[in-house]
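Scroll down for the structure; my scribbles are underneath it.
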Amino acid sequence: MSPEALVGALTVFVLAVFVGFEVIGRVPPTLHTPLMSGSNAISGITIVGALLVSGAGFGGLARWLGMAALILATINVVGGFLVTQRMLRMFTARQRGRGKGTKS
Amino acid sequence: MSTVALELSYLAAAVLFILGLRQLSSPKTAPKGNATAAAGMLIAVAATLLHQEIVGYADILIGVLVGSAIGALLAARIQMTAMPQLVALFNGLGGAASALVAGTEVIRPGTVLPGPAVVVPVALGVLIGTMTLTGSLVAFAKLQELVPGGAIRSRLLQVINVLMVATALVLCGALLAQPSSLWVLAGLALAAGVLGVLGVVGIGGADMPVVIAFLNALSGLAASATGFALGNDVLIVSGSLVGASGVILTQIMCKGMNRSLGNVLFSGFGAGSGAAAGAAAAGGAAAVRGYSPEEAAMVLTGGQLVIIVPGYGLAVAQAQHTVRQLADELEKKGVEVLYAIHPVAGRMPGHMNVLLAEADVDYEKLKDLDEINPMFPQADVALVVGANDVVNPLARSDNSSPIHGMPILDADKAGTCIVLKRSMRPGFSGIDNPLYAMDRTMMVFGDAKDTLVELVSQVKQA
Amino acid sequence: MSPEALVGALTVFVLAVFVGFEVIGRVPPTLHTPLMSGSNAISGITIVGALLVSGAGFGGLARWLGMAALILATINVVGGFLVTQRMLRMFTARQRGRGKGTKS
Amino acid sequence: MSTVALELSYLAAAVLFILGLRQLSSPKTAPKGNATAAAGMLIAVAATLLHQEIVGYADILIGVLVGSAIGALLAARIQMTAMPQLVALFNGLGGAASALVAGTEVIRPGTVLPGPAVVVPVALGVLIGTMTLTGSLVAFAKLQELVPGGAIRSRLLQVINVLMVATALVLCGALLAQPSSLWVLAGLALAAGVLGVLGVVGIGGADMPVVIAFLNALSGLAASATGFALGNDVLIVSGSLVGASGVILTQIMCKGMNRSLGNVLFSGFGAGSGAAAGAAAAGGAAAVRGYSPEEAAMVLTGGQLVIIVPGYGLAVAQAQHTVRQLADELEKKGVEVLYAIHPVAGRMPGHMNVLLAEADVDYEKLKDLDEINPMFPQADVALVVGANDVVNPLARSDNSSPIHGMPILDADKAGTCIVLKRSMRPGFSGIDNPLYAMDRTMMVFGDAKDTLVELVSQVKQA
């Protein structure tokens, strides 16, 4: 990466941090546990890096490292989103149950 | 798929992550938010798979299948009370993946001699990622009670710590000189791993939630660093979103406990709590009288407004469904029931909310501190279920108390305060609770679930 | 600009739009007029483009266009910030006046 | 200064802009916010001046001096009531600067044949920037009453409009083929200029504020487009911040008027208002009786809570200081005074707030719609100073009224409603106001300032 590209990447980083603080600051305490697991799943985005390594046809160490990265990242992504969904369903189950009776 | 198309897909993924997180701002839209974020991930993965640089799909297939199977299994099987551990574990895995990807970037075949603009983020990615992994594993082990939860501290550990920091710095310098040296990289990972272990070993088990939120932030930063190394914007954006989320959660928790992050990470608050607990149990038990569930049930049914204060003991006893039953029975009798949720009740942020949501409690009945405190004086009964520190009046009155200044729920201001716990042992902070000795307090000793089952049947009969 | 750089620029644009909506959404109606003139002054950032053109030593048309751009952008920036400051001082004058008496 | 250092300075500038806008979220921190943003601008300018590509400072010096002098003069001299015009003017200048910079990028000496990734943003920058310029100038002329304010519409104009859009599209295509053609660029600017003029000429003078907010958004987008053309991140970021701000303000104003943006831009709402006004004045005047300031003063001093409802007439009469005096006198007599601020009272967003702030009214006494409406039934007097549409009860009751559904201030629910205006002429919307004919309403005819001066002296004597 050239130094200029680095500054570009830094710009993206800084803006994303601002977006993050603004957006996350509005999540109510009720949802802090799902927020934690959900944002955790998002941090599994390294999966795209792992895919590029695993699919590049490297041999030797790079191959095994890529494979390990891929497995770990996939666990993080799949597990993270599923468990978050499971938790969030609980929050809305009650709402849906009510909906049947009163059309709320 | 061309590079431009790939990057546009990544941008779409990043936008979906942001929109998803925005939808997490209300329980109603939150499930959609999670699905939105997952859709973003799917787009990013699909676009990557179609990219021209991908030549073989065999390894990918194996990796994705194995990973998905394990992830799905863990997500489906985990008990709600074990959520903190699971989040810690996932955190660690994400950090490890980031470290691996970042490291591979400099040692993979065909890499051209990378400049500092690549080496520095690679070093950061490996360092932060590996620390996140080992730190999270220790946190997991403590929470799962595979190792004792207390804070382990000694001079020796501190010396090792300093040595490791020095080693890591030296190795970062070495990596700049020899960017593709596998050994330097491995050494860096090792030092970071030891640092992660030592950092978390020195923190008391009950402080783990703060640690997990902090590790959450670190795993985001590791992903960001990897993004810098690969020049990949979606990694940078997602990583910083997660980093911001982790930092905000850490702040909220520290504020709820009235401590600074530095204090949590370096002071070993939980270290002495075992001893203190013993002393308190011995000293306090004599002063108070226990009541029977029958007596408590009579008071409960006589009230108009009952505020339930759940705490960590609710999670330990897994009594969330039984609490819900009790509330239902009381409501049938015309008693209004609300829940007072302290920001740090339990062992992770939002812990009580998740438990009670699992038991199908309407989230509009869950009131936070500012909302419920003015209502305690009007309440006939405050029913404290396995909570301790979050209702300790010393936080208000005793300047010398370690929890002084921590905002608490004013359960002591209710007409009667019924407390369900097993003994006079203190909670996480290890200090005595004068609430239990108050005149208007009724202690009902025993496992919270057993007591609640008893209460439900008593209230039914009343 | 290469197509890749264009995507990078687009990323920056999208993130900044998110930041903008989050941040501006919190400005109370009381401050909408200063917000308008203040954000207007910020849009005078084209001044940096005008400076680069004016300072490049071009002759002919480019020089005059650059000069015109520079003058217009400077009016926008200087006038915008000053008038915003003038308005905002009004909002706080009252506060400061009170401060003397009651140490609020 | 190297390119990297320059770009880091730009990043710092962008961060300062964001922080500055964040501080605008409260009147207390707002002045600091403006200073923060200005500091960001200073950094960006200073860094650019130090850049290696700058070879001559003569032109720069002239440009900056001339521009600063004009800008400072305008800012210092402008009357607060003329703020809308000034903002419109500045907007236009910003748009013009963006268009010029974008255009120069393809025709300057030494430019290499630019590809579509440059030409498209250049075309957008020129198009949007020039439209912003001419549109703003027309808005300025209307607000400054240099030209009649009514909406001018005719078949011919519509035909020209369509022709210009077609021309602009064709020229955009031509520019892609011949990126450095001065004539194509000039033609594009011309077409855009005509479009800007026609677009705003067709909108009634009273709708100008929405137009200004919209032009504000456009000037931001023009800066962003220029940023894309130059590959300059700080232009992109600042432009999109301003664009977002303009869009939000436009939305808020449209909502306050209960109309859609399309309706404002294309329907010429203000076109017929002159005629309607005449009719209403003729029909309505007979029905109501005028009161003298003495009578009004007696009612005012007799009350406990007076709510002042300022409207556009306050700005016309420049009566903000006199209103403040009246409030002071009433407060001396023990009457509580609050101000009810409608989101679209006046002629630009926040117009009333700025006027009253100029008169040093404590901003905590300025209440918005949701806050004040429940208080009208308790108020003894609603003193309506030059407001009309924002207190028109038809908006609540009459389904067929053009302002139906617009949220209004419930001045009619106060004990007595005192209205200060010059005649029975309607306000901006051109429709009658039944409030004036109500039993509990006292009309005090005359210029608001004159009446208020009279009221002040009467209240003093009481």
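All chains are identified by letter, namely A, B, C and D, in their written order; residue positions are counted from 1 within each chain.
Simple rule for what comes next: a contact is a pair of C-beta atoms (placed from the backbone, for glycine too) under 8 Å apart; a residue touches a chain by one contact, two chains touch by 3 or more.
Since this is a predicted model, take the numbers as computed values, not measurements.
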B-C compared against C-D, more contacting pairs: C-D
Reference chain A; chain at largest CA-centroid distance: D
Whole-Å separation of chain centres (CA-atom averages), chain A against chain C: 35
Chain B-chain C separation of Cα centroids, rounded to whole Å: 41
Intercentroid distance (Cα basis), chain B paired with chain A, Å: 16
Residues of chain D engaged with two or more neighbouring chains: 14, 18, 233, 237
Chain A: positions in contact with at least two other chains: 3, 6, 8, 11-12, 15-16, 18-19, 23
All pairs of touching chains, each written as two labels joined by a dash: A-B, A-C, A-D, B-C, C-D
Residue ranges of chain B touching chain A (in the complex, touch as defined): 10, 13-14, 17-18, 20-22, 24-28, 30-31, 33-35, 37-38, 41, 44-45, 48-49, 51, 53-57, 59-60, 62-64, 66-68, 70-72, 74-76, 78, 80, 83, 86-87, 90-91, 93-94, 96-98, 100-104, 107-109, 115, 117-118, 182, 212-213, 216, 219-220, 222-224, 226-249, 252, 341, 343, 348-351, 353-354, 357-358, 360-363, 366, 368
Chain A residues within the chain C interface of the complex: 8, 11-12, 15-16, 18-19, 22-23
Footprint of chain D on chain A - complex, ascending: 3-4, 6-8, 10-11, 14-15, 18
Chain D - residues contacting chain A, complex: 3-4, 7-8, 11, 14-15, 18, 233, 237
Chain D-facing residues of chain C, complex: 1-3, 5-6, 9, 12-13, 16-17, 19-21, 23-63, 65-95, 97-98
